[in-house]
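Each chain gets a letter, A, B, C and D, in the order it is written, and its residues are counted from 1.
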Amino acid sequence: MKPRVAVHKFSSCDGCQLAFINAGEALLQLATLVDIVHFAEAGYADEEAVVDIAFVEGSISTPQELERIRTIRANSKTLITIGACATSGGIQALRNMHDTQQWVEGVYAQPEVIALLADSTPISERVKVDFELWGCPVNATQLFAVVRSLLSGVTPLLEQETVCQECKRAQTVCVMVSRGEPCLGPVTRGGCGALCPAVGRDCYACFGAAPQANTAALAEQFAAQGLAPEAIARRFLFINSHSEPFHSEGKKWQGEGK
Amino acid sequence: MMSDSTFLPQSGLAQLLTELAAGHRIIGPQVEQGAVQYRSLQGAAELPWGVRVAQQPGSYRLQRQGSERAFAWANGPQALKPLLFAPRESLWQVVKTAAGLSFSETLPPPERLAVIGVRSCDLAALALQDRHFLQGASPDAHYARRREQLFIVAVNCSHPAATCFCAASGDGPNAVSGFDLLLDELDEGFLLTPGSEAGQQLLAALSVSGVTPAQRQQVEAQRRAAAVQQRTLPSSSLAGRLLELASSPRWQQIAERCLACGNCTAVCPTCFCHSEQEVPQLDGEGSEHLRQWDSCFSAGHSLLHGTPLRADTAQRYRQWLTHKFDSWHQQFGRSGCVGCGRCIAWCPVGIDVTEELHALCGDEA
Amino acid sequence: MSQFNLPHEAEVVERIEESPTIFTLRLRLADPAVHAAYRFAPGQFNMLYLYGVGEVAISIVSDPEDEQMIAHTIRQVGRVTNGLARLQAGDRLGLRGPFGRGWPLAQAEGGDVVIATGGLGCAPVVAAINYVLRRRERYGNLIIMQGVKHGDDLIWCDQYAQWAQMPDTQVLLAASEGGACWPYHVGHLPVLFEHARLKPESSTVMMCGPEGMMIAVCRELLGRGFSGESLYLSMERNMHCGRGKCGHCQLGGKFVCQDGPIFSYPEIAPLLGVKGL
Amino acid sequence: MSERREVTIKVPLLTRVEGEGALELRIREGAIAALQLRIFEPPRLFEKFLEGRGHEEVLDIVARICGICPVAYQMSASHAIESILGVQPGPWVREMRRLFYCGEWLESHALHIHLLAAPDFIGFKSAIEMAAHHPAEVKRGLRLQALGNKILRTLGGRSVHPVGVRIGGFTHAPSRESMAELLQECREALPEAAALVRWLATLELPDDEQRFVSVALHHPDEYPLNEGRLRASDGLDIGIEQFHDYFRESHVAHSTALHAHYFPGGWAEEKVGVPYLVGPLARLNLNFAQLPQAVRDNLATTGVRFPSRNMFHSVIARAVEIHFALLEAIRILENYAPSDTPAVGVTPRAGVGYGCTEAPRGILWHRYELDGAGKVVVATIIPPTSQNQARIEADLKSSLEQLGLERSDDEIRLHGEKVIRNYDPCISCATHFLRLKVERD
């Protein structure tokens, strides 16, 4: 029996499910290996289906979404979050540091129809998650590796090392050391292939914090290289602002700016 | 050794490269992405003429000095390591058929490489990697394949960086062996010293002349000057000493600064740790077994029964420093550090191994 | 390419369920010539490759003179071992090896053999026990001591009972928390030394288990007059290549995969008990 | 079937669109009583959290509004901010931006045609099912999509949320080798693009003549991507900074996306605006003459003529733009040389700036106000989907009436979905957040 697979979307930009949609022939191949039962963008709509594997993109930011994710959890054997939104609340979690309701009231003609939860939260704050794939967006390599592992009946392997390791293997010249750019690679989880330094810029941590990230030491180094406290805060409070240790580190420097 | 040297005027460099190119792909230093790097070299014009390098802990900057020299820089971010011990490569493949599993080795295609500009520290590192990968019951076929094809043109360092301490480690700045041909660069040309049969043959094809006493004197002075370096190592051997310091509070202090990013191990020309990885095809019909550089700073490096044995950064930093400067003696009969200073310059937060060693051993730098 | 670099195809001939999480695979190399040429010593290990997933280090438990089969007893602890657990007779896998240095069984001949193990199912010593039992005449007494944390953790009860029936063989079991029905000794493994017929001058001790336990055993036995040279420990570290190249298994200056996994006490004494080494 | 039935048709989750939306339709007494394209994509409030961020962060933020057209967001924002900072990145950057945009058009259009729209016209539930019967066409589409993504990766590091752009240009200049490889692949794909146009023209597309206003950028010398004046098919011709004088959005309760309307006489003068069309069909209707001859010649063989009032010619317009994008990419790649200065430096200063570029789905309008430190004070972003939404509802009404409201629920539902998909709505972009004045009907 082929495993049944669903791809669900919550508050997001659609970019992570594009890793499937952009996969070309691999997508067609995937369809021969699993039964895709729900994947709205690809043309399959059976949201309530019971599945073996559910991929979830997007964060939970409305009461309806909260209801929906609970149903999905109940219907899914293995639930995997894909991307920063689902895994850490994503870029829209930047609103968590503000009074969102006030924003909405001040500007929408009929704010009562805009139902938003106070925070944009990762899936794991609402229901149990089996595996989390970081990245804004995730890439096809990550996704298909997980699918392959599950097809082979083994636990997926998740990225543990820092972006620096990938950067060095690509033999990219370190932008921090050679140009003083405030690169977040040393505290960021690998998986992207160290894209940013490869195109000549600093990493902005879209793959989230690496395990045991020493953000304090890196922030001190940024400060020593002349970055203003408020700018240091903004670096940590960005794509994954809702997750630790980025949240605390950012808040710490935000305080110092005032 | 300078006795069998000859002189090649600067204009002769093109000839040297042409001769080399006859049998090899030439790898030479070039400025790319703001650093001097080993890349495929098309001609002498691509060399980093007039480039110097200022290095400090956590900092590497190119400087244009307008001098007439091509090799007046200290080392770049990578040594010979990536050329022989590839950052990521396939070891073998397996195909699944009805009959079973069929394994096949994936060796790199043979390619004759000539590298020009190699420094003495990197030759010492190469010798260590040779020992690690080529000796023992199971020599590494991938490394061996590349190593057999390598022709080395070394250059004595005339402008060591502030991070260099090859004089202290005993690996430089002047090369004594391990090269096919050795250059000492002067403003008007090069002193050439052969180091192998192949190097001798190459020399014979060049229009060289005898070395004048003035040139000889200049080279001698240059060699002496390069050996004057700022950084030092603790005066007595560290064999067995660091392990005894396993519970020093210093490790915890370093861990507060260390990012555990692994840059130091990646740029280190002797570090050999790698992990093996399986990359199966989506359809399940075949799979590839790769290896890639790993670091003792990564969690997976010491994983045992699901948790890392070296749980925190203090233990990982201790593993790095202790292995490099102490356990290495037991494994290879010498320290694993060749004094290139890369881990100092390329550490994003500028942690300096020489400073840490002095502090740990309780003596002054 | 050598058998150390490239896996050989092997076939699962038999799968034996030892406990809910421990199983034994009896393997035959697919190429008869390769199988016939395969030689190993007890205490050595193979890298077993699960197709499309990865490799793990597993000791060989079969007898070196068993020309039919290479056997491995495996405990399910993670990704690869859980996957290996699903293999059935007829399935294929990859095998590289043998690697490492085995038990000093030749050197132990003529004297007593003392086995001290702790924790759950210690495969490496099973190879040594079986080796000695099959060549009973070459050895003196065989003393098998096993310590577990809780009485329920003891597996292979039948196996211990069977061994206890063999001539000149003593089997002693201890649990730190025995529980009401635990018929054996209560306490850490060294409590068994009171009951063991130990002969410090003519014994070889082979140990396997958690490092803390092995250190305690060594300390106790040294106190009882055993020489350091007579004590052997089986060490465990993360392993990828199995051939002393990948660097994961380093323990001080040792590569556990090739310098070990069996070490004599003096070789590694300074390294024992250092946290995070 | 009775003329007097009262039916409610709901499509709770639209498939094969980007983002999530629904359609609700009430028919009473043979007439449409209510019709709502509901966009329930939660507002992600980008304009708000852009406030206080540095100008150098804006491109990484706005890219995340949409995974399918991040380049459009990055381009509109770059132009707006550069106009404030008073920098002109020069011809190299201009060309590379056009190439970058070609990559996005190629990727987005090929994705839409093959994975989202074509199954409608051929009668499949999904492209995956269609691939079993039409492997050559589907794989050709996937190849074109992949090539678009490769262009994006070469310049931007990755195709979704590219990292290679910055205010002032690009973070790096791709190597000659990588660009030569792209050129080769574009040349190989060119005949496939031409064949795609011809293939789509053979499909049985609904004949759906409608009256609507097309709005697009127009540039005197080229087919519009990054630059031009705003034109409408009724003769409007304004600078992009005048957009808000003629186009305004309002909040309707059933949608989190704002509806935009066109006020032909100027917003200040008029009470009621009209729906308008942006996107490939509107672009082609207003810029047909700007297309390269080869594109026009190929199209001529099909008998399809532009300007066109058949809404379903949108899908052909997309293919035509793929053909154009490839030719344009080839032209740029043939002249490629790496630049030492892939970006010009910028110094912060205060001001207001506008950017309007042609996203695959139509004009994407940005307005920023920066403070003296170069930080965002106010940001306004008007994505194409919210501009098309009123038009989609109007189209649905007219198409369904034309189809015949007596048809079965299934037929009506299917046709409604087809109509919506034809706009390639990008619901994820429903982030726009009106801050100034709000109109109540």
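Methods note: a residue touches a chain if its C-beta (ideal position, glycine included) is under 8 Å from a C-beta of that chain, and two chains touch if they have at least 3 such contacts.
Since this is a predicted model, take the numbers as computed values, not measurements.
K.L.:
Name the most central chain, where centre means the mean of Cα atoms.
P.N.:
A
K.L.:
Rounded to the nearest whole Å, what is the centre-to-centre distance of subunit A and subunit C, using the mean of the C-alpha atoms as each centre?
P.N.:
Computed value for the inter-centroid distance: 44 Å.
K.L.:
Between subunit B and subunit C, what is the gap in Å from one C-alpha centre to the other?
P.N.:
40
K.L.:
Provide the C-alpha centroid distance between subunit A and subunit D, rounded to the nearest whole angstrom.
P.N.:
25
K.L.:
Roughly how many whole angstrom separate the Cα centroids of subunit C and subunit D?
P.N.:
About 65 Å separates the centre of subunit C from that of subunit D.
K.L.:
For subunit B, give me the residues that contact two or more of the other chains.
P.N.:
Subunit B, residues with two or more chain partners: 280, 284, 294, 300, 312.
K.L.:
By residue number and range, which residues of subunit A touch two or more other chains?
P.N.:
Where subunit A meets two or more other chains at a single residue, that happens at 148, 152, 200.
K.L.:
Using the touch definition from the top, which residues of subunit C touch two or more other chains?
P.N.:
Touching at least two other chains: 52-53, 78.
K.L.:
Which chain pairs here would you call touching?
P.N.:
Between chains, contact exists in these pairs: A-B, A-C, A-D, B-C.
K.L.:
Can you name the residues of subunit C that touch subunit B in the complex?
P.N.:
1-2, 4-9, 11, 30, 49, 51-55, 77-78, 92-94, 236-238, 240-241, 243-248, 250, 252-255, 258, 270-271, 274-277
K.L.:
Which stretch or stretches of subunit A touch subunit D in the complex?
P.N.:
9, 11-19, 21-22, 24-25, 27-28, 31, 36, 40-45, 47, 61-62, 64-65, 90-92, 94-95, 98, 100, 103-104, 106-110, 113-114, 116, 120, 136-137, 139, 192, 195-196, 198-201, 204, 206, 231, 234, 238-239
K.L.:
Any idea which subunit A residues touch subunit B in the complex?
P.N.:
For this pair, the touching residues of subunit A are 26, 29-30, 33, 144-145, 147-148, 151-152, 160-162, 164-165, 168-174, 176-180, 183, 185-187, 200, 211-214, 216-218, 220-221.
K.L.:
Which stretch or stretches of subunit B touch subunit C in the complex?
P.N.:
My answer: residues 91-92, 94, 96, 100-105, 132-133, 136-138, 140-141, 243, 246, 272-278, 280, 284, 287, 291, 294, 296, 300-306, 309-312, 314-315, 318-319, 323, 326-331.
K.L.:
Touching residues of subunit D toward subunit A in the complex: what are they?
P.N.:
On the subunit D side, the touching residues are 13-20, 40-46, 48-49, 53-54, 57, 60-61, 64-68, 70, 107, 111, 115-116, 119, 125-129, 131, 138-139, 142-143, 145-146, 149, 156-161, 163-164, 166, 171-172, 250-251, 253-254, 256, 426, 428, 433-435, 438-440.
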